[in-house]
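First the structure, in the form of structure tokens, and then the observations on it.
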Amino acid sequence: MKVIVDLCVVPMGVGVSLSEYVAACERVLKQAGLETRLHGCGTNIEGEWDAVFAAIKRCHEVVHEMGAPRISTTLRVGTRTDRDQTMDDKVRSVEEKLGR
Amino acid sequence: MKVIVDLCVVPMGVGVSLSEYVAACERVLKQAGLETRLHGCGTNIEGEWDAVFAAIKRCHEVVHEMGAPRISTTLRVGTRTDRDQTMDDKVRSVEEKLGR
Amino acid sequence: MKVIVDLCVVPMGVGVSLSEYVAACERVLKQAGLETRLHGCGTNIEGEWDAVFAAIKRCHEVVHEMGAPRISTTLRVGTRTDRDQTMDDKVRSVEEKLGR
Amino acid sequence: MKVIVDLCVVPMGVGVSLSEYVAACERVLKQAGLETRLHGCGTNIEGEWDAVFAAIKRCHEVVHEMGAPRISTTLRVGTRTDRDQTMDDKVRSVEEKLGR
């Protein structure tokens, strides 16, 4: 089952500067061979369900190892059986409607 | 790694009445032996990371099998290494502060 | 426009114990006269759009005043034009399907 | 109060193709004069709290007018009092840590 996930990891108990934790998660996702698109409030990820969720678990492990005692993550998780669609397809489809 | 997840599964392409899909997910979670608390916008789940996410994957499979061609799920995912805390502890802790 | 919102406020830069901030938000919501249901990962709120979102803005102001320099909130926001439905109706509708 | 919001509007009861609804929301946000960045699972928006939330309310009104009887939206809402930060700053800050 293919999945498109939007991931936002919020480490708690480590102050307000989070970019090094987000960067560590980006490295985890890349090492897992997953396609990702970073944006201002999270990261789009696409891949097979098991690979994507194994990488997200690894993100939690890594962020805890970096010293965060608590993590609050939010995910949007999309699956569809009617057709194949990438995260880039989704953006393109909206851009077309906007005549861009 | 223990996790507390807040799950909201939104099947698309099946009209606006979603309770039978939510009920099917509740059954999946119970069959997985997970503790859950249903609320008006989702379900709190607690358990070991792998068991919880295996059950969430099964929810997507079941809802697709019921006829939904597309699913949009949102999750809040909380882990902590500083102490054990159940979802009931979290509610109680706020209720105490409110003097209830 | 009636709305049902699921609100989860995460203050950052104030350590890992969040219940006093959540309790402060509960007080804001009650003072606004809104119906709420607290759960382990957030709070269900129902009311008119403008009243609900004014209260959520007030929650951010109050949590900043309590000392949190940064806040990361997540919301699920549901509106429908086909019929009236309360957050309690939503739970009841699933419970019925489960034969509870 | 400045805010950065990540918005994902999911119309229900209108089938599985959502791009025309997302495009309509993009138009609402642009007409409101807000800075936005579209991504594969939503749209980053930055601006003053009241302007951003007025536009999000307008998105719900427009999507209902287009025929969707029910809408399920998710938001991530970030505010901070310690410093000014744009959504582009947030991406840049992570990219720097990654040596890009």
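Here the chain labels run A, B, C and D in written order, and each chain numbers its own residues starting at 1.
Assume a residue touches a chain if its C-beta (ideal position, glycine included) is under 8 Å from a C-beta of that chain, and two chains touch if they have at least 3 such contacts.
None of the values given here were measured: they were computed from a predicted structure.
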item: Other chains in touch with both chain A and chain D; value: B, C
item: Of B-C and A-C, pair with higher C-beta contact tally; value: B-C
item: Geometric centre distance via CA averages, chain D-chain C, whole Å; value: 19
item: Centre-of-Cα separation between chain C and chain A, whole angstrom; value: 25
item: Separation of chain B from chain C, taking each centre as the mean of its C-alpha atoms, in whole Å; value: 17
item: Multi-partner residues of chain B (at least 2 other chains); value: 13, 16, 69-70, 72, 74, 76, 78, 80, 82
item: Complex interface listing, chain C residues touching chain B; value: 4-6, 8, 16, 19-20, 22-23, 26-27, 37-42, 44, 46, 74, 76, 78, 80, 82, 86-88, 90-91, 93-98
item: Contact footprint of chain B on chain D as seen in their complex; value: 10, 12-13, 15-16, 18, 69-70, 72, 74
item: Parts of chain D lying in touch with chain C, wherever the complex brings them together; value: 1, 13, 49-50, 53, 56-57, 60-61, 64, 69-82
